[in-house]
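Here it is, the structure in full.
Labels A, B, C, D, E and F are assigned to the chains in the order they are written; within every chain, residues are numbered from 1.
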Amino acid sequence: MSDKAAPPTENSTYWPINSSSTPRFAGLVSFFRLPTMTDPSAVDIALVGLPWDGGTTNRAGTRHGPREVRTQSTLLRPYHHVTRTSPYEHCRVADLGDAPVNPLDITDTLRQLEAHYATLHGAGAVPITAGGDHLITLPILRALAKDGPVGLIQFDAHADVNDSYFGGQRYSHGTHVRRAIEEGLVDPKRTVQIGIRGTRYSPDGEDFSAEHGIRTINIEEVFSLGTKGVIEEIRRVVGSAPTYLTFDVDGIDPAFTPGTGTPEVGGYSVFEAQQMVRGLAGLDIIGGDVVEVSPPFDPSGVTALVGATMMFEILCVTAQATVARKEKLRR
Amino acid sequence: MSDKAAPPTENSTYWPINSSSTPRFAGLVSFFRLPTMTDPSAVDIALVGLPWDGGTTNRAGTRHGPREVRTQSTLLRPYHHVTRTSPYEHCRVADLGDAPVNPLDITDTLRQLEAHYATLHGAGAVPITAGGDHLITLPILRALAKDGPVGLIQFDAHADVNDSYFGGQRYSHGTHVRRAIEEGLVDPKRTVQIGIRGTRYSPDGEDFSAEHGIRTINIEEVFSLGTKGVIEEIRRVVGSAPTYLTFDVDGIDPAFTPGTGTPEVGGYSVFEAQQMVRGLAGLDIIGGDVVEVSPPFDPSGVTALVGATMMFEILCVTAQATVARKEKLRR
Amino acid sequence: MSDKAAPPTENSTYWPINSSSTPRFAGLVSFFRLPTMTDPSAVDIALVGLPWDGGTTNRAGTRHGPREVRTQSTLLRPYHHVTRTSPYEHCRVADLGDAPVNPLDITDTLRQLEAHYATLHGAGAVPITAGGDHLITLPILRALAKDGPVGLIQFDAHADVNDSYFGGQRYSHGTHVRRAIEEGLVDPKRTVQIGIRGTRYSPDGEDFSAEHGIRTINIEEVFSLGTKGVIEEIRRVVGSAPTYLTFDVDGIDPAFTPGTGTPEVGGYSVFEAQQMVRGLAGLDIIGGDVVEVSPPFDPSGVTALVGATMMFEILCVTAQATVARKEKLRR
Amino acid sequence: MSDKAAPPTENSTYWPINSSSTPRFAGLVSFFRLPTMTDPSAVDIALVGLPWDGGTTNRAGTRHGPREVRTQSTLLRPYHHVTRTSPYEHCRVADLGDAPVNPLDITDTLRQLEAHYATLHGAGAVPITAGGDHLITLPILRALAKDGPVGLIQFDAHADVNDSYFGGQRYSHGTHVRRAIEEGLVDPKRTVQIGIRGTRYSPDGEDFSAEHGIRTINIEEVFSLGTKGVIEEIRRVVGSAPTYLTFDVDGIDPAFTPGTGTPEVGGYSVFEAQQMVRGLAGLDIIGGDVVEVSPPFDPSGVTALVGATMMFEILCVTAQATVARKEKLRR
Amino acid sequence: MSDKAAPPTENSTYWPINSSSTPRFAGLVSFFRLPTMTDPSAVDIALVGLPWDGGTTNRAGTRHGPREVRTQSTLLRPYHHVTRTSPYEHCRVADLGDAPVNPLDITDTLRQLEAHYATLHGAGAVPITAGGDHLITLPILRALAKDGPVGLIQFDAHADVNDSYFGGQRYSHGTHVRRAIEEGLVDPKRTVQIGIRGTRYSPDGEDFSAEHGIRTINIEEVFSLGTKGVIEEIRRVVGSAPTYLTFDVDGIDPAFTPGTGTPEVGGYSVFEAQQMVRGLAGLDIIGGDVVEVSPPFDPSGVTALVGATMMFEILCVTAQATVARKEKLRR
Amino acid sequence: MSDKAAPPTENSTYWPINSSSTPRFAGLVSFFRLPTMTDPSAVDIALVGLPWDGGTTNRAGTRHGPREVRTQSTLLRPYHHVTRTSPYEHCRVADLGDAPVNPLDITDTLRQLEAHYATLHGAGAVPITAGGDHLITLPILRALAKDGPVGLIQFDAHADVNDSYFGGQRYSHGTHVRRAIEEGLVDPKRTVQIGIRGTRYSPDGEDFSAEHGIRTINIEEVFSLGTKGVIEEIRRVVGSAPTYLTFDVDGIDPAFTPGTGTPEVGGYSVFEAQQMVRGLAGLDIIGGDVVEVSPPFDPSGVTALVGATMMFEILCVTAQATVARKEKLRR
């Protein structure tokens, strides 16, 4: 008898191990218990680990994030309980292993990562990444946005638009959005940030955002708009053009995600985060990431479980977008 | 001077140790610091520990649940702050110790448990149990529902209506509700499940529920109805006939209850859970349980405290029902 | 180049170390990375640690609270993201070190603390304290309310109006509000308690409160009023006269603040707490404290971070009040 | 069938629950799973919990020690693997519950404890206590040494002969040995301390000890003598007269016992501690204690397990002494 | 450039990922970063995970052992620092994944495991297993000892020769050695147990061992013989015939291995364990296992690291034996 | 009354806060509760924190080391119990705060650190540093060894003589000893490494050491020589010329120091480490460090306590050497 859950006819290779046959605690670990592969042309969507915390300004540890997100992802089953469908029914999805990093060299790492994601992109694989600190979004965007700026949906407590740290270091997990805009990878007018809050270095902390037309939805506005209102606003800002989705787990309140490097109290709940990501169905998502899961600060493992679950929600909307793009091409 | 809080005249034996006289950290531990007893006929309500995790498909540990729930229950005092009454004023309540289990044999355990609860039931003691994994509800129902199917109120993230696991094992903490319905212990049309969510093995994960008329309130519906709406719906479904109440702590969001075996992010809060249980006042509750507290995954002990508090809320509504049944008999 | 963030001209000595120059994990620790001082006349607002748990009836550990709150406070930056101003722009604020305690003698400690705060008060420094257990509010009030009773805003799960514990001990973290009222330090008619809940020793647990006219806002009422309604009610009760603000972290749900001595499940969120404290802007706050952070029960450190953040929120409204009082005097 | 292990004929009531019949994680918790009793005249040896940390100068938490030592003691079985005998074969041993304490008042606690142990002693019960901080040895000695000073065997990293703390407080867990000598409870010439080490307040830290003739075996001497040499020296010092045995878990290296209030690195191993206690067989032990187990600092529970095991070793030599005293009386 | 450390010519496929090229925290996890394979005939030595704790009588959790041992094994490099050789130079070694288990059925699991190991054995792969509770040694021996009883070297705190638990259950982690002898899988006269200690159910706890001629080296004898003496004794007992090596981490003191289900204080150190296993070089080891690593009780992960390191030591002596057997066949 | 312990006449400013007056948990934290200073010319010995883990190849976290070592160092008192003297009696010792680092740039950090230590050295302050990962020893040596190579005593599990990591990175915590020798900072013939063990990347892992004449004392030799033999060998190798002492806590067994980045099981005990460091009295120690304490992996804090205690032992021998050098100059 097969160890795979009854698969749809056309995608049988790309299906998770069935946890009602093989216990979740058994076997080698991969994202969602999917098969591991190395050839990006064999998948529609590539799940990638990115074990990196070299851009972290305070508490390190996100280098251990992908491993623990993979472990907790064994708790997830193939079908979404609201949409009643599975991304694996529609796309070829697999675990492509970890992206290459050099823990002793930021520059070398940014170079290697850009090349790695360019290869994935070139092969037609849509990447969904488990970080890693938030700096990783920059080299991913460098690979994905080569043909022009994309929209950006950023769930986060922090705007990440600082200019530099520690006497001029321009590459960190607090500067990458500014860099991405400066480099023309992201269209600031199609950029929306959800959950921004917390103390700031200066009263004009959002000047860069305001000057460039980023739509900042502070946590206070998140709660006053409600998740439906936020979804409408996100859709209005990014429109139907290609958009990247980045999910920093510190956008969520640290009661739900204590294991992160720069926690800011007073965020939204995981349920609210789930609603907001689900509300992105139909947008042209070209890739996504879940970042800043830091296992050394996550004694009960719930942060990694949140990370894995949000990664699945992102996978679901990305699979839909991937199918839509394929159909469009076909026509 | 007595070490007991000033008790009502008729129930003085059945009163907790007073924590403003004897510190909470002192003394031998029992549920709510109540007296321990062995004769079920001496109580109206029997608090029972059930240290069992042999039906667990993923992370074990709930065998240690009763001990830690007892420990955390020392934080609770006799009176409810909303109803301003105490269950100990109205009923004889005591800690009846732990039910018998065989950690190496599911079949033997199910048999022993059914016999144990049959003895309690036969002696007129209404059982409220601290588990243990969710499989334990099955033998309890076998003992309580001998005269016909009862209603079931289930707070849970999972429907627990799978048919089998691991090549045909029919008894686990994910199959017991299906078994209870198949065995005629529970009336599916008087069954309501609150908080169902999370990924599924198949798109038709709820077919069994739908076919049998179980009322499934997904987490999305919980939030759209609000706790008042949920309460109304529960009351409508179970009506005034005898009903069993089972509370799986994984119905609550793991931010509140990280220490559980199969966490699903995106649940309700403890406050919402409290409101919903309180809203069951007046129903004919014939017993209840709090299950799936797993201390090895609960580094700060909050899950066990939630378990103890929900057990107290269940005790309050059960005491009211017990008094009502007695009065009815008297008339 | 200066290691301080660009400071306003007049307060440059009283400015935090800039975490974008010197990493948060580096250097000696003080509240919010502010300078440490010993002369209270050199500050407008004195941040004080109070490492004491000798009044604790259950789980000790808050003696370690100030140290960990200081550590987590290094995560905070100078400016508030909603008001877009910094308390350090308007007031001279510094870390005045820890208040003196005698861990083996409550009476001696109460005496030393009253003298210490009288010195601060006499020098014109408004104290904001990180506890320590809640008993500490009593000696602080003895020092601050020498000229007549003040108003009291108390965020808490417990009313703390018990008469005594353990055979007549009148000084504990569960009796101090009663003592403060009996001693005429606090005007009960200008006292409001927000978030009261949990089981009680007697049905008439609130009789003292009711008899003396304390405004008790149970957690149920907090949620039915909403944070705006609660703010209005607080402002109505305390009015414009001098008022002390005490914030027990157990008012918040233990999902957010597990590291506390007497957790009561079912509280408000940190976001709601932040809203409520911000809503006190304009009141005549004469001092405040954050109490009951207990690091030994806080494995991920989030409770101390909540404590530090709430301390910053209190600092912001207190700075505003301090400026207002100065301006009033000037006129 | 009985739930007790096959007991010797005469002591069947005083026998632990059999863990090969009832799992260790099941049932209400008592020391070594022995019966709980309240009448001291019904036992030869009384196992007592003493939940107290009011004499602690640094990290509190030993108030939770007895509860956790009881929990871990469920791992122990009736027979000693070296002597191949059981204390329960020779003496009536039971769990007498916790001694009374007042966490808010040292003086009241010392008074209550002395009275409690005087009652035990008067009833002929030899007490073996699980603390609690080390101050508790003082009131126990006050009760046991009423007829003249006894010998003292102290396993400890600290001599505990300081005069006072914090401006004159004479009762703490660092002063009790000095008090006991001053009060004539302990004969300093029949006192031996094993494992003393660590930094000191003054170069003459041992002057009190030296002046009074205490035999101090520093950790360096422990290792140079070896456990056999230490045993000989202990036996030489205390001789055959009545002797009390106090075991502070901080005498052991904190690798083995991290969960304690004042750890000093560089101690002996648990195996060495076991050998040394076993070597006391034949001495006239009149009581003993295991102190300074602090669960909040013991994340894996090993310290409490060490505490429980050392308590069992002490029980074994005390049972032998108790039998010897009885036989002597009989003759 | 290759991501593999410079491999010896003939075994290049069977070489670990080089941690000085690819960081240890990166990439998919396997034992020692070796390749994963499914065909047992392609290896000389099969590393196998066995995620099972269904035979556990007290604290469960070893079902999570293989996953965490694999994770910690990424810390190990190819060469042994004393022998200056690598097992990978001499044998084809790979990670064969996890053996099949049914967490809800002991009988089914024993059957599946025996079949699985019979397949490995039949294909000529020598199995080294990371458990899992100690019951797993029984089905492994059933597969390996089909041609007659083998010798057994058992590092352990417990003899595991009980007859049954919980009313007649004959298969548990405390009975498997007795079963193996009864079934003729193990020659008791060629069986040696090292480190036995701790309390017992009866004074005659070792009668079975004594009657059957098992050589029991109690912990006291381990320390009096010294590791060299123990090694000599082991070699004398098992001789040159085929011998299985089972290593229960609870033989080591719980200071080194807190994360285990049935800790017994007072064991040997890891260094001593390493010496003893290294001393087995030259024996005809036909397989081995490391059991009872329980991650939920191992907050710092050191137990799993000890497990991984001991597994490597066992691999080294097994590789030597495997080469010797091959050479013997060749001649 | 002074809050300082009775100081010797000439050094009263440089004396720790007295923990028998001010509790250890109170007050701002500095090394050993010594005064904090910024002027290196005001001290003989400068205690320095160095919060850096940018050279770490596996688990980060030592950036948090200095803070936690300071916290645990509050447990230490002024006098050594064996020498019965205090370093503060003989030298002016203070906490000079943290050295400057740039967590995003290794090169910049190495430059800043060299300059910082050059300043300390130039001012005549002997530095004793709490790291930080082991790379920090390199810039310290660059500052201290400007006039020619010094001797090196290295307690460590690893030789740290690798050439590079991750494609040519020459600066890491595994390469610094090689760099120091290549740069002529350290005389390899006056270099001794104690406790080397664990698996290796190649069979010739010690070739660099052997070729350059480093004296490697593997852990096996440590145990065969005994601590006295090791001390003799260290003294023989380094002789009476200036020598730097570096103490990596991973030289100790991880049972004692779990909180470190690259644990290797099977090391020496803390007691043995203390003996070996004490045995260096009389050598010309010109500075020292304690490195690789990683708080995120140290749940019970014992590793930081070991770090603080070893730092004190190093301080004691360094103070003696400092006095000797002064006396020599005076003559």
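Annotations for the structure displayed:
What we mean here is this: a residue touches a chain if its C-beta (ideal position, glycine included) is under 8 Å from a C-beta of that chain, and two chains touch if they have at least 3 such contacts.
Protein identities per chain, from UniProt: A, B, C, D, E, F = Agmatinase.
Treat the numbers as computed from the prediction; the structure is a model and nothing was measured.
The pair E-F is the one among E-F, B-D or A-F whose contacts match those of D-E for more than half of the residue pairs. With centres taken as mean Cα positions, chain E (Agmatinase) sits 40 Å from chain A (Agmatinase).
Within chain A (Agmatinase), the positions touching two or more other chains are listed as 23, 25, 57, 59, 63-64, 103, 165-167, 253, 255, 297, 299-300. Chain pairs that touch one another, listed by label: A-B, A-C, A-E, A-F, B-C, B-D, B-E, C-D, C-F, D-E, D-F, E-F. Looking at the complex, you find that chain B (Agmatinase) touches chain C (Agmatinase) at residues 1, 5-6, 18-21, 23-25, 75-82, 84-86, 253, 255-256, 269-271, 274, 299-302, 305-306, 309, 312. Residues of chain A (Agmatinase) touching chain F (Agmatinase) in their complex: 53-57, 59-61, 63-64, 102-106, 108, 165-167, 169, 171-172, 296-297, 299.
Only residues 22-23, 25-30, 36, 49, 51, 63-64, 67, 71, 95, 97-98, 100-101, 103, 299 of chain F (Agmatinase) touch chain C (Agmatinase) when the two sit together in their complex. Of all the residues in chain F (Agmatinase), the ones that touch chain E (Agmatinase) in their complex are 57-59, 162, 164-167, 174, 196-203, 205, 218-220, 223, 253-255, 258-259, 262-263, 265-267, 297-299.
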